[in-house]
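This is the structure I have questions about; it appears just below.
Just so it is clear, A, B, C and D label the chains in written order, and each chain counts residues from 1 on its own.
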Amino acid sequence: MALKTEEMVLNMGPQHPSTHGVLRLELQIDGEIIIDVIPHIGYLHRCFEKHCEAMTYPQVIPYTDRMDYLASMYNEFGYALAMERLMKIEVPERVEYIRVIMGELQRIASHLVALGTYGADIGAFTPFLFCFRDRERILHLFEITCGARLLYNYIWIGGLSHDLHPDFIRLTKEFIKDFRPNVKELNELLSYNRIFIERTANVGVLPIETAINYGVSGPNLRASGMKWDLRKDDPYSVYHKFDYDIPIGKGEKGKTGDCWDRYYVRVLEMDESLKIIEQAIEQIPDGDVTSAIPKRVKPPEGQIYTRVENPRGELGYFIISDGSINPARVKVRAPSFVTMQVFPELCKGFMVADVVAILGSVDIVLGEIDR
Amino acid sequence: MKTAEEIFNTLKEKFGSSIVEFKADKPVEPFIIVNPLEVDKISLFLKDEKDLLFDSLMNLSGVDDANGIKEKDDKGLETIKGGTLSVYYHIESTKLRHKLTLKASTDREKPEVVTVTEVWKGADWHEREAYDMYGIIFLNHPDLRRILMPYDWEFGFPLRKDYKNPEFYQGMKVPY
Amino acid sequence: MRDYIYNFWQGLYTILIGMKVTFKHLFVPAVTIQYPSVKPQMPERERNRLYVNMDDCIGCDQCARACPVNCIEIETVKSIPGEDLGTTSNGKKKALWVTTFNIDFAKCCYCQLCVFPCPTECIYMTDVYEFSEFKREDLVFDFVTLLPAERIQKKKNFEEMQAKKEAEKIAAAKKAAAQANKPPEPKQDKPDNKEENI
Amino acid sequence: MMYDWLYNLTGSEILAMFIVSLLPLFVFILPFALFAVLMERKVSAHMQDRLGPMRTGYHGILQTIADIIKLLQKEDLVPTATDKILFNLAPLLAFIGSYAAFAAIPFSGFFIGTKIDLGIIFIVGVTGLVVAGILMAGWASNNKYSLLGAMRAAAQIISYEIPTLLIILTIIMLTGTLSLYDLSEMQTAYFWNWLILGGPAVGLQKILLIPFMIMGCLIIYTSTLAEVNRTPFDIPEAESELVSGYHTEYSGMKFAMFFLAEYANMFAVSAIVAIMFFGGYQSPFGYLGNTLGWTWLVPIEQFFWFTSKGLFFVFVQMWLRWTLPRFRVDQLMAFCWKYLIPFSFVILLLVGLIALM
């Protein structure tokens, strides 16, 4: 009897331990080898863009928090920036500094989740909890400042809801001091572990041309070897005043742009963020943080596309105003949404276990993909 | 590095009537209005031309211009007849560091735009989203399905300004 | 062959390093707290359950309008002349009976947007965070201090007054119409009614 | 011996046999599983700067008992599309496989279930039943994840038996016995008689043996780790990929059986390593009972040493689990076939040469 082989369709998600939310992947597998991946999204669709049409401009901010719920501060930052550009508001210097500090702290917190869950995806559970332990301290910093741990509603159009807490600077300095050895420990425990390298190096290689053509941005693009960071390449806020590097993937353990590079770029980025925070804390001027907040937000008719460097990449807000107090259109260019498109390309030819590894390394947040 | 106006002039020379208008009167961004059925050719030119090199699509968004005739039915719900739906393309060149906004307006009753997935692969899902939300048909798109809404959603396109919530979806009451 | 041995050695060595790290952590004190028995200290700006100090509320509806999810429901009734509603703590005179002030904490998104516009600072966020309920309806908190009977009474008072006014007006209008053949102008003076928007 | 003692006491062969064979289950495996689950939780918790279960009893010592009660109460779900017979049989088979191994393990000089001469081969053979149980579970569940997990498990366990057996062969060659009892007796008295330090051999031979014995110990420990599906070799039940692998569809008592089998297996393989390289139940420093002349104390001491050695290796398994990521299935195979098997062959050959000396 002739041997008959057949491809199998494996349905990964929406309930699966490592799809990072409610993502459904339809895997076509031949044994354990991936033939094709079809992602199905939309399980977390909350009509953000439709909601916005019924909201006034300041009321949109709590909704932006809920998109990329691991980097809420940066979502608000982007939205506030877009509105300020549209309304031509000059923001006090102190506000900008605080925004940068908060944004970079948020970047560290977000990367910690990315790295920790990546370890858990690969099978190492301990780094996950170490990362969460450190993230908890950042969340505490946010909590003392604005009262919330995850969904802040802190950065407003033209200003901030609260000034810094008196203890904030001291606690941040303490955190930075304690955090640096922890990064080293994470490297010892996970990054340089031989099994981890075996699992991630040369897996899911994203060539730079493909990345640009697909519009992949942020750490994923940088891991492919492109020095592209909106903080430097399309500067906003006060980022030009600080001295920091942009880490890129060098292909140390395998090909450039593999999972290990994507992972390690995030580790290095945390260090750069710490540098920015340290400098910002030293330079922060005094001032009032609420003075520039407009009483009534009614931007002129027009449209704007503004983008910021979210922890996951280029977060763009496309806002069309029709001159009323409600936005006519708010479209969000979510970095994970774009990254998710390239995911099937990365997976082809690898194994089921690698799907998890690749998905973890591109670091998606479903709240943002589905909005 | 080129300004939007220079690019407009280059395009006007090359494509003539396909490039409709250059608009810079409204704040904050100037944009170029193009013919929706020629977008793919224009995009390919923008991507390949030596001094333009727009290699990355930042964003593609469908927009309901809501510029048609608004009618109210007996229940007080608004429907819009005529007018246009638009697609905005925000593109940039990572090598030459310039940005550009294109706008392609299409008929509301028969919204058809040519896809740019051949030029920028990243446009795929953005176009599916625009189709899902506005019903804009992207001609030649390889896989034009709904993306965020359920595949069997039959109550229209939710981001259109005259969209009405269904009463029931698969036996479940929609407004809770 | 060199790679082969190197790989083996690398594997062993990095595993041992990792084991050193985890072993060290066996003796590091835990960072967790025993939650229900030990409660965390809440920071002063904590944003948890809303509280409304009804003594200060003037029923201006600003918080309800600022709310992005419409979880605040306010209904007010005008006071009839002669009633003394007292003043708020910052000296404003109250003019409206607040007969409904419901906050639905199932909907509330704890964004604090309602706190800032309040002219009397009577709505604020407290650090109460344990208030789960078995039924969704139980999460609707009623802040009004008036008794149910009183609320009905206030409404009735107002309606009676309204009716009286109306009657007076009609009488006056009739009088006027009799004098000048002018149609009366009905005046809309309904209590501020917040409609639930779904 | 326990059996003789009971035979004299009761006068019935069957009763004595019965008690002796059931004793490991009730005296050892069940309490051990309870203890090991708690230990796993506590070890992982403290390695991750947590506290672990704290609410049931002092520092949560009753947690696993609470868990067992919960599992007993749970509804025993059998999905409709399963192969009912295989589905119900699989956890039993897995448990029997790991439980039967305990029959030949010498807990002390006084107490062995059955003192068979082929002890070590018996254990290797009987633990092979676990594979059948796992395959049955994976197939019968009618779940793609379970099937993938079962296929992985079968491939993995069978491959890793090769290096295990090669090292066992080395030991057999060196000592000339297959009986675990004899093996333990051979490494008597002091720790320098343990096989990891060359065994009872003397002189140059002992020194030459030491590096190979250490290597062999590492190899057999790694490969037995793979046989019981512990991290970094836990790909059959890889939580982040295959949800739970072959026991995805199991609930209640049947799940508890798999769970029990896993923990029993953990101890069984630790015991094998302890017997083969670390003197089994022998004390490293001689016996207090012998010194004081209290001969009744010696079996208790032996039992103590045996369990503490076993528990130490179980602890190392947990330590590894909470430190390492897991392999991918092809790397796992590559590791076995490219590294462990050649290495164990070399050890087999060289130890054979040394033994000839």
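Here is the rule we use: contacts are C-beta pairs under 8 Å (C-beta built on N, C-alpha and C of every residue); 3 or more make two chains touch, one makes a residue touch a chain.
Small disclaimer: the values here were computed from a predicted structure and weren't measured.
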Practice problem: Starting at subunit A, find the fewest moves between touching chains needed to arrive at subunit B. | Solution: 1
Practice problem: Pick out whichever of the two, A-D or C-D, is joined by more C-beta pairs in contact. | Solution: A-D
Quiz item: Of the chains shown, whose Cα mean is nearest the mean of all protein Cα atoms?
Solution: A
Quiz item: Counting only C-alpha atoms to place each centre, which chain is farthest from subunit A?
Solution: D
Self-check item: CA centroid of subunit B to CA centroid of subunit C, Å
Solution: 40
Quiz prompt | Between subunit D and subunit C, distance of the C-alpha-averaged centres to the nearest whole Å | solution = 60
Quiz item: So, what's the distance in Å between the C-alpha centres of subunit D and subunit A?
Solution: 45
Self-check item: Separation of subunit A from subunit C, taking each centre as the mean of its C-alpha atoms, in whole Å
Solution: 31
Quiz item: Which residues of subunit D are in contact with two or more other chains?
Solution: 47-50, 322-324
Quiz prompt | Touching two or more other chains - residue numbers and ranges from subunit A | solution = 126, 133, 189-190, 193, 195
Self-check item: Junction residues of subunit C, two or more chains touched
Solution: 15, 18, 21-22, 25, 31
Practice problem: Would you mind giving me the full set of chain pairs in touch? | Solution: A-B, A-C, A-D, C-D
Self-check item: Complex contacts: residues of subunit A adjacent to subunit C
Solution: 54-55, 58-63, 65, 126, 133, 136, 140, 143-148, 151, 153, 161-162, 165, 185, 188-190, 192-195
Self-check item: Complex contacts: residues of subunit D adjacent to subunit A
Solution: 44, 47-50, 144-145, 148, 231-232, 234-235, 238-243, 322-331
Quiz prompt | Interface residues, subunit A side, partner subunit B - complex | solution = 41-42, 45, 47, 49-50, 53, 85-86, 88, 210, 212-216, 226, 228, 233, 300-305, 307, 314, 316, 318, 320, 328-329, 331, 333, 337-338, 340-342, 370-371
Self-check item: Touch list for subunit B against partner subunit A, complex
Solution: 26-29, 31, 55-59, 61, 63-64, 66, 88, 90, 94, 97, 101, 120-122, 124-125, 133, 146-150, 158-159, 161, 163
Quiz prompt | Of all residues in subunit C, those that touch subunit D in their complex | solution = 4, 8, 15, 18-19, 21-23, 25-32, 34
